[in-house]
Structures are given as structure tokens and as C-alpha cells.
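What follows is chain A paired twice: with chain B in the first complex and chain C in the second.
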Partner chain A sequence: MKLGNLIIAGVVTGSIYATFAVCVAVWYRVSNILNLAVGDFAMVGALCVDNLYRVRGLPLWAAIVTTLLVVAVFAWLYDIIVLRLAVDGRGRAEGIVLTFFFTFALSFFIDGVAKMAFGSDVHAAPALWNGASIAMADLHVARAGILVLACAVLIGGLFWVYIRFTLGGKALEASGENALGARIVGIDTRRYRRWIFVGTAVIAAVFGIVESPITGYTYLSGATISLTGFLAAAYGGFRKPGRALLAGLFIGVLEALLGGYVSAEYGTTVMYAILAALVLAWPRGLGFESAVSG
Partner chain B sequence: MSRAAGLRATGLGPTALVLVAGALIVLIWGQEYAGSVFVLSACYAIVTAGMAVQIGFSQQIAFSQSVFMGAGAYGVALLNGNLGLSVLEATPLVMIGAGIAALALGVVVTRASGLALAVATLMLPLIAVGYVTSASYLGGAVGQPLTGTLWPGDSQASVAVGGGLVVVAFLAIAVFVASRVLRSDIGLELFVLGADERTAAAMGVRTPRRKLELFVLGCVFASLGGAAYAGTQQFVPETIVDPTAELALLIMLFIGGRRSIIGAVVGALVIQYLQGASSWVSVNILVVEGVVLTIVLLVDAEGLAGIAAAGVAWLRARLGVPGLMAPVAPAAAGTAPAAGLTATGPTAGPAAADAAASGTAGDRSEAVRAGEAVSGGETLLEVRGIGKEYGGLTVLDDVSLSLPSHGLFGLCGPNGAGKSTLLNVIGGSVRAERGQVLLNGADIGRRPPHERFGLGISRTFQAVHLVKGRTVLDNVAVSCLASHHASIITRITRSHLADARAKAAAALSDLGLADIQDREVSSLTLEAQRMVELARAMAPGPRLLLLDEPASGLSEEQRQRLAVTLSQLAARTCVLLVEHDLDLVAQVSERIFVLSQGRLVFDGDPEGFRASPVVTSLLVGL
Partner chain C sequence: MSKLGRRRAAADGLSGATDEGGSAAREEAARKRAVGERGLVSSHAGDTALKVANLSVAYGNVTAVHDASFTVADGAACAITGPNGNGKSSILMGITGMVRRKGTVEVFGAAAPNGDVRWMARHGLTLVPERRQLYPDLSAWDNVILGCYTWTRSIATARNSAPFGRAIELFPELKPHLRQVAGTLSGGQQQMVAIARGLAANPKILAVDEPCLGLAEAVAQRVYEALAGIHADGTTLIIVEEAPKRALTLCSQRVEVRNGVTA
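Up next, the complex of A and B:
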């Protein structure tokens, strides 16, 4: 039942990549900016809760609420200070490449602050659902893994309902298609950009808190998660949350299978090689060209 | 031209600056901490100088530098440790090895462009770090020490100073090569490639080859930087290849100024100095890099180099000194391009314009008749049975036409009739599913756009495709370059940009645009921009000129000036004109084709065109 267990583990990590990929894709649709800092918010969520609870002795619920508030306020401030100047300001940063570097810088900044505040050791938020992993026949699922999956399904579902069925979702789509046009018909694109940015930051933090008991985080863990989520979003052409979600799951399962069957040492290396080969073999099918021109 | 500008043009200025300043710093502080920080930053600067060419200037975002920097460093360490070669002997070998590896990898990777290239190469550092940490012969996660030094001195002082001077020499070579390439005719090709790959291909730039060359150049520079790093630090940490190192290199480039070689060097110095300046910064370098990059990008997207240039421009304005770089500076003061255009319009006597304006076939200008007189002759272009579908929708259906070597031919049709697609099929940016495109009897249907340009097919685009940030002269010179078959390496010794500019200047003065040739293109009016595009298309003396709605957005008066110009062009070459303005088409064309829903529904002279009920119902009765 090795295969079954590997697939379960892969689906759990894959659902995190998938959620992050959806976050990247949805925000890209609104803002035309690729966010490389999503994973860093997850890392901050985990390490901050750990610090408040374990070191400073706050009750767990208070630690979580405080952490999410800190993340939300920070994301909000970043939007109204930096993004407003960068995207709406006088010297508008043009092109996907330049705006991308703002989130590069943000990622570096968050990692650096986390190192200052929480040190460089491996930490994790306390498990929210204690107990041994749940076994069915030979299959084992960590309780944290079930929580991660539940969060992914819940958040994915909410996003889907929001985009598909609400007026806000349509407006959001319009902002991404043509920001100027959307503004002319009275949609406040900046507000959407801000709220999706703050929302995705908080979602990422929640995932960090829920998932960290499985893997444990350091101040650098965010970059790796971001990168993989970003790649998954890339396979969805950056604009298609549904495809990004599937790509995230695929990458998670692929990583687990390669780690289990090929080599624990080189599994990740082989996975990246496969992903690179896919991009090169099939750029148009993966929607890169439309992403570039769009 | 002043001496300073002359130095800038040859690329010797930046090189001399780096060489002199670097040597002085090493000689004075070489044995102190500050000197060692400088040498380390110079190693990174070698890498960022290559990145300025590849990423900044040509906008080919490839995340391969940290990997090849690591390859250079590990290569030198292995050759030094296992084969006993000195670092200086190992360095060229490692660079050759890196070049070959980059060529092999680049053939695969540079097929992708834009974001696909970035994403595919983003995986290189991830693959490399996974490999290196597990490879015991490279020292795994511990890293690889070296016994050899870059300069084999017998005292600590001579090793430090000698090694430092060698690194400065390496950096000077890198800056020299990069500056020479960017200032050459290929540098202009690269700029256009970065701004708009499609236009570059339409102007004859062999984009796949240039992208591959850029990739190899960036990788070889990175390996040289890595070799210098290993030889001076005497240790190769595994973190040299990881994604964070790659991002740090990008941050250096963007802080310094992505399009400036000296900026890229300064960016590397700034970041390394910040790290060396205080232990707080060194521990919290991520925060510092994040904040500095954000602030620099917010102030000026061109980084410190952009800020410095703006500062100098401001100072000059304050002091009333004319700028050396007048061509590149946005012409805020302005010299009224439209007025210039009118005054010196192409041979344009008002009489000729009036004659053209009257619009009946009977009183067309002399120029048009001259065009007709020489028209005909052997068939230049023949299009046979062209068919094209987009996702089941037939855009072109069995279209056949042939054009002689001179004259002006109109192509009309309602929106969506397939006019632009036909132009793209002839130009090569779209490949037809059926049919043949023959130029002088030879089938060119499978040739890429840049080869068709080489065969004498030149074009303009429906929307203006000029390259912002460059002068009118350079925009036109793009189509006059003779460098398409040359390699980047040959441009280190000799550039032919001046020849291309001379040819461009002649074409501009031909169209009466000489007085705006030093203006930056985005400061021009729409009419002037369209005229510049026309100049760019005709400057190389094409055999077939494809014009896609050159009159759109122009006023009636401007259209009449355009009509005169077109008539003159038709005397020299074959012009296929796609246009919605039926009066203009009927006025200047000797034969007109009408497309409707992908089929050719009319083919005849202007009189027949005006009289044709098909044309009337299709185009006039819209």
C-alpha cells in the first residue's frame, strides 16, 4: 500500500500548491501582477503562531487571531503604500517583469523579517487536531493532512462560487481583462486588487498554520512553497484558477511518487527536470503565450 | 562629437573606468577588509554585466546565472584539486566547458520565449541545488575548498593584491565585451528583440539565433564570475547555485539598472558592500535587499543608473548645458515634428498634393503616372490558392493574385475579410495551410519572416510598432542592418552601426523627415510615427513593400501627403497597400483587389473598382 500512502501524501502537499496556485492566478487576474510572496505569508503564519503560543505564552486561539490580523494589516499596508505607488503612481511600472520584481523584493523582505523575529531554526505551529494519524486498512492519513485538505476544498469552493456566481466575481474578472475598461464602467479595480491581495495573504497564513505540524518551517520555507505554487499557476497559464488547481495537485503527487519510488535524494530534482521539460515541449498548450501577450 | 561621447560610442569609456578605478581600489585597499569585499563584489559584477546584456537589454529573462556561476566555481575547484591545474589555467577551460554546456542547453531552452523561458529556466537552480547538495564529489552541503589561488603569490599580500587585479582585469574584459556588443549594430538588433520579437523578425533579425547567443554569452560570463569567485575566496559553498543566489543576482542587476553595464556593476558593488559594511546588514541582508530594491524600483525602473541619468539631465537643464545624449533624451522642449514634416514634405509641392487630392483617375499626379509607366514587367510575387483557417473559421479561401515588380496595388475588404492575414501570410508571420507564395518564381511559403525580409519583403503593421526608448534614426536603422548573418562575437572588434545609420538617414531625408531623426519615437505625432514606420520599411530598398493601413488615424490633409509619398514609392518598387480609405486606394492604386470573407471577389483597375456593384454593396453600402 506504499502507492496509496504516497498518493495521499502527494494530494495533501498538492492541495497546498494548488491553493497557492489559485491565489496567484486569481490575483493575477485582478492585478496583472504575479505574486511570488504567497508562500512567505504561509511561513509567517506558522512561525508567528508558534512564537506567540510557545514563547510568549498566548492562548492558541489568541495567537492565531493575532497572527492573521498582523498578516492582513501588513498586506493592506503593502498595497496602499508600495503597490499604489508602483502600479497607479506617476512613474507607473510597466510590464509583467517589473511588477514581478516588486513581489520578489516583498518575498525577500518578509523572509528577512521572519529571520529577525523568529530565528533560523525549524518550528511549527501547534497541531490543531491532536492524535495519531488515522488508519484505514493500510492507508495512513495525518490529521493535519485532513485539515489541509478540508481547508483547500473549502477555500477552493468559496473562490469558485465567488467568481462564478456573484457580481463581485464578474467585476473581478473584468478588472483583469481590461482594467481601464472596468474602471470606466465604474468598477473600483484598485479595491479588488487590494482585497484579493489581503485575502490571499490571510489564506496563505491559514495554510501555513494548519500544515506546518507535518513538515515544519524555517524562515526560508516560504520561498520554496511560493515557487512551486507559482509553477503550478504557470501551468494554468496564470489566468485559469481551475487549471492551476489541477496542476498543483499533479505536482504534489508527482513529487511524492518520485520521492518514494525514484530516490529520496534526487526525487525533487527529477521532478523539476520533468516540469521544465513540460514547459519546453508544450509552451502553447500550457498557455504561456497567452499569458505573455495578455 | 566630444571626446567623452566618442569614448562612450566605442565602449572604451566604461572599460577604462572599471579598469582604473578597480586597480586603484585593489592597490590601495587590497590587503584590507574593504579590498576583499570589493574583489568579491567584482566577481558578482562579472556575472551581472552579462545579465545586463541578456536580461536587461534584450529582455530574455533566464534564471540560469547562479547555476553557471556555480559551474564555473566548482569546475575550477575540481580542476585545481584533482588535476593540479592552477586557477588561471583552469579558468579558460571552465569557460569553454560552460559555453558548450550552455549551447547544448540553450538549443532546447531558448525555443521558449517570454514567461515560458523564465519558468523553464527557473527550474535550473532548483535542479542544480538538489544535485549539488547530494553530490559527495562536490563536497555536498558542506562545500568544496580549494588549495590554489587566482594569483599564485608567495605572500598573503601578493596573493590578495594579485588576485584582486586579475579579477579587475576579468571584470574589465566583461564590461568591454558587453559594452561593445550593446553599442554595435547587433546591440540594436538585441534592443528590438527585447522590445518586440515579432517586429524584430519582420526586420530580418534572426531571433532564434540571437536568443541562443545571448543565453551562451550570459552563461559564459557567469562561469567566469564563478571561476574568479572560487580563485579568490578559495571555497565554493553549495548555496552559490541555489534560487536565492539567483534572485540576489537579479536584485543586484535591477538595483544597479538593468539596461546599463556600469549600472549592473555598481549594483553588485552596492549589495556586496552593504553586506560587508556592517554585521547587522550581513545578518539581515534579505530585509535590506527587499527594502532597497522596492525603493529603487519605485523611484526609477531603470535603477541607480536611471536615477543618475535623471540627475545628470536635471543638472544639465539647470546649468543650460546641451545634453551629450540628445538622441536618447526625451525631447521635452520639442521641435514641432509635424510642422517639420509639412514644411519639407516629400518633393511635395502643394501643387502635387492638390493634384493628388482631387482624387479622380484622370488627374492623378505625375508621380503616379511615372509609377504606371514603369509598372508591369515580370511577375514579382505570385500567391496561389492560399487557404487559412483559425479554429474552424475560414479566413482565407483559395486566394490567388500576382504582382509585377513595380507599381501600387490596393487590397480592400470589410473588417474580417482576411486582408491582414493575407499580408501576414506573404510576410511570413502566419503560415498558410494551403497554397503557395512565390517570389520571383521561388516558393518561399515555408521560410520564416526574417528570411523573407532578406529576400526583399518589407512591411509595416496595422498598429504602429516602433521601438520606444530609441531615436527615429535608430528605429529606421533597424531595417538597414547588415549584421543578420554575423555573430555577436564579431561585433566586439567591429561594428557597422554607423553604416546602417547613414542608410537610415538617407531614407529619412528622402521622406523629408531628416529634422526629426534625433527625436525619441514616442514623442512624435501619430502621423510622424507612421511616416517613420514607412521610412523603416522602405529604407532597405525592398522589392515588395507590404503596408497595413498606413492611413488609419490620419487626417485628410495628412492622407494626401501620404498619397503623394506612396505614388513616388510605387515608381521604384512593388507596393501592396491594405487600406480602408477607398478614395485613397482608388486614387493611388493601378489595380485593386477586394477580399470578402476570405475570398477574392474583385480584381481590376480603379475605374472598374468605382463602378463595380460588388464593391459598392460590400464596401460603400456597409
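Up next, the complex of A and C:
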């Protein structure tokens, strides 16, 4: 049952990519900025909890709460200081500078601070649900994996309910569809930009905390997760969260299968090659055109 | 201001408002109308719904509107007319804050901050913009109910409210299409959705920019019937129209914009 186990592992990683891809896509719709720092927030979540719990001796719950608060406050400050100056000011940044530059810089900044604070060794937050992996027939699921899936389903479900059944959620969609039309009915698109960014950072940190017992994190782990989430969002044209979700799951499973059947060492490289080939083969079908034309 | 702007501004022939005998009955209806369910506007300052003084709008070095001044009485219907490219829409954009302006704008006596569309929406002036500016991937129903966002955050309150009820009933022919994605509706249907969204915002002043642009005659008639109905209920109307003929069947007041900048 190697195949089954690989698919399960792939779905677990894929659900993280999917969640991050949805976060990237939703925020891009509202702000026209691609969040390249989403994985770094996950890394901070894992390493900060580890540091507070293991090194500084805080109780686990206090370490988690403190970490999430730090991440939320940092994201909020970043928005009101950097993004407000860069995007809302009179000398408004536009085009590719706006789309990539600020979050790219943020990613490097977070990595640098994390290296100073947590060192460069592999660490992980303590497992929240201890015990051997759960076995059904020949299939094995790590307990942390179940928690990751549960988080993904819970967060995705709450978001779906918010979009579908609340006026605030519809207003969020409206600001993504037509910023001008949104302002006409009094929707504050800047407030959505701020709170989705903060929410994304916290969600990423939660996933980092829950997932890190499986893989372990260094201060550089964030960039890889960001890249994969970013790619999944790209397959959804950056503006279609539903497609981004499917793409995230697909990439997760592909990664696991390549790692299992092709090469554990070069699996990721082969995966990126396949993804690049897919983009070359069907740029329109995969939604890249809508990403380019905005 | 640039030389070009100055020259054009000098030639600018924005005439003052001329009230051609406003309907007393309409104004009475407007007075009787409740100040607003939201209570956001504390009181009507006299009978003036909108007061525009020395409004100028420029895009870079090009002046589109220069020193426009006029007032619109509460419950009146005002047409802003003039040839294409003379700054009619720019006046409306300047008033609502879609573009930055010089000069002052007062809505029911309250001075409007510059460049703040949301303030306008919350204080009772709702814009139905040119090219409609709908949310193309949302359903028509979603588009209309989002008009309620100006005064509530609760979808249940919005759904059961009188303004939303009025907006949904405004165009009975839209009913079979309410679940349809707005981007796939015909131009006429989209215009109906845009006006319904404006009405759901429970406006005291509804400003409509070129409501019949590109519409078939029969549809344009329907749009005007609906606007007449909204006006009869006491809402102050401002209509921007290139062709004054149709607008003046409804509007008793006319602001003529001439020799503006063709930019």
C-alpha cells in the first residue's frame, strides 16, 4: 500500500499548499499584491513556539498564544506602516513593484530575524497530539497530519460560510471583483486588505505549528512553502481561490508520488520541472492569462 | 493650472442652475419622507440636498471642470447635460469623491470630505456610475444586496429591509435573472441591477451617470420609468445625460455644461 500512503501524505502537504494558495489568491484579489511571505509566517509559528516552549520554558498553550499574537501584531504593523505608505500614499507604488517588491522584502526580513532569534538548526514545535501514527489496514496517517487536515477543513469551511452567507463576505468578494464598484457602496477595501493579511499570517503560523512535527523547520523553510503555495495560486490565475485549492492538493500529491517513486532527493526538482512544463503546455487552460491581464 | 487649463477654463461655460418651476408636490413628498432609517444624517439643513461651490476637477494638467457651482433642492430632479467630453461625468466624480477636487460640496448641510466615496454613500448620496461598475462574477442578487452595505453589515437585516425590497421589486423583469452571474446579463439588465443596487443603499440623493448609454430605446424607457418612480417616492435625483431631451421629461432643473475640456 505504498501508493495509498503516499497519497495520504500528499494530501496532507497538499492541504497546506491549498490553504496558502487560497490565502494568496484572496489577498491578491483585494490588494493586487502577491503575498510571498506566507510561508515565512508558518516558519515563524513553528520556530517561535519551539523557542518559547523548549528554551524559555513557557507552558505550551502560552507559547502558542504568544506566538500567534506576535505574528498578528507584526502583520498588522507591517500593513499600517509599510503597505499604507507604499500603497495608500500619494506616491503610490504600482505595477510589478507593488505586486512583488514589498512582500519579497518582507520574506527576507523575516528570514533574517528568524536566523538571529532561533539559529539555523532544524527545530519543530512539540507535537500537539502524541502517539504513533494511526493505522487502517496498511494505511498509516500521522496524527499531526490529521490535525493539519482538520485545520484546513475547518478554516476552509469557515471561510466558505463567511463568503457565502454574510454581507461582509460578499463585500470581500466585491472588493476583489471591482474595487471602484466596492467603494461606491461604502466598502472599505483597505480594511479588507489589512485584516486578510493579518488573518493569513495567523493561519500560516497555525499550520506551521501543527505541521512542523512531521517535517521540521529551519529559518529557510518558509521560502519553499511560499513558492509552492504561490505556484498553486498561479495555476488558479491568482484570482480563483477554488482552482488554487485544487492546484494546491494536486501539487502536494504530485510531490509525494515523485518523492516516493522517482527520487527522494530529486523529487522536488522533477516536480518543478513538471509544473513549468504544464504552464508552457496550457497557459490559458491553467489560468495564467487571467493572471497576466489582471 | 496649466496655460491650456486656464484658457479652457476661461472659455468654460458652465451655467448656473436654472429651476424651471419645480414640482411643489414632489418637494412636499420629500419633506414627508423620513430623514432616514439609519439616522446618519441628523437633520436637513433647510431644503438643500446638495450644494456645490467652486468645484474644479483636473486630471494632471488638464482641467475638466472649472468653478462649477449649483444647488439641488431636496426632492428635486436635476439634469446635468452637455455635449460629450465637456466634464459632466467629471462633475459627478468630483462631487462623489471618485476623483479629487477643489471647491466644496455639502450634502444636507454637512461638508463632504475630499475624495471619500464611502462618506458620500453613508450620508445618503449614492452613485450609479457610468459603465455600471458591477461585480461581474457575483449573482445579480448579490450585486443588489451589496447596496445595503452602506447602512448595515447584517445580511438578514439587509434581506428583510424596505430599501432592499424596493430595489428587488423595481424591475420585475429582472426577477428570473437574479441568480444569474451579473457579467452574463445583457447591458440593459446590468443597468437595471446597477440602479437597483443604488436604490438598496437607501439613498436620499441618487446620482445616475448616463443611465441609457448603449441601451435600446425600449430598455431606456424602462430605466426612465423606474427613475421616475424612485423620484416620486421622494428621492432627490441627479441625472447626467448627453441628450437632454429624455432627461428633461423627468427633471425640472438643468445644469448645462459647455465648452469643457475634451480630454
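In this text, the second predicted complex is superposed on the first by the 291 of 294 C-alpha atoms of A that agree within 3 Å, B and C clash if a C-alpha of one lies under 4 Å from a C-alpha of the other, contacts with A are read in each partner's own complex, and residues count from 1 in each chain.
As a working rule, a contact is a pair of C-beta atoms (placed from the backbone, for glycine too) under 8 Å apart; a residue touches a chain by one contact, two chains touch by 3 or more.
Given the structure is predicted, the values throughout are model-derived calculations rather than measurements.
Asks: Once the structures are superposed on A, label A:266 by its partner contacts, choosing first (chain B), second (chain C), both or neither.
Replies: After superposing on A, A:266 lies in contact with chain B but is clear of chain C.
Asks: Of the two partner chains, chain B (first) and chain C (second), which one does A:116 touch, if any: first, second, both, or neither?
Replies: The first partner, chain B, only.
Asks: Considering only the touch criterion stated at the top, classify A:85 as touching first (chain B), second (chain C), both, or neither.
Replies: A:85 sits against chain B, while chain C stays out of touch.
Asks: More residues of chain A are touched by which chain, chain B or chain C?
Replies: B
Asks: Tell me the contact category for A:144 with respect to chain B and chain C: first, second, both or neither.
Replies: neither
Asks: When the two structures are overlaid on chain A, which partner does A:49 contact: first (chain B), second (chain C), both, or neither?
Replies: neither
Asks: Contacts for A:107 in the overlay, against chain B (first) and chain C (second): which applies, first, second, both or neither?
Replies: Touch partner of A:107: chain B, not chain C.
Asks: Going by the contact rule set out at the top, does A:180 touch chain B (first), chain C (second), both, or neither?
Replies: In the superposition, A:180 touches chain C alone.
Asks: Should A:188 be classified as contacting the first partner (chain B), the second (chain C), both, or neither?
Replies: So A:188 only meets chain C here.
Asks: In the complex of these two chains, what residues of chain A are touching chain C?
Replies: Chain A reaches chain C through residues 165-168, 170-171, 173-174, 177-178, 180-188.
Asks: If you look only at chain A, which of its residues touch chain B in the complex?
Replies: Contact set of chain A toward chain B: 82, 85-86, 89, 91, 93-94, 96-98, 101-102, 104-113, 115-116, 220, 223, 227, 231, 234, 238, 265-266, 268-269, 272-273, 275-276, 279-280, 283, 286, 288-289, 291-292.
Asks: Quick one: in the complex, what on chain C touches chain A?
Replies: Checking each residue of chain C against chain A gives 96, 98, 117-118, 121-122, 126-127, 129, 132-138, 142, 145-150, 152-155, 158, 197, 201.
Asks: Touching chain A in the complex: which residues of chain B?
Replies: Spelled out, the residues of chain B in touch with chain A are 59, 61, 108-109, 111-116, 119-124, 126-127, 130-131, 134, 243-244, 247, 250-251, 254, 283-291, 293-294, 297-301.
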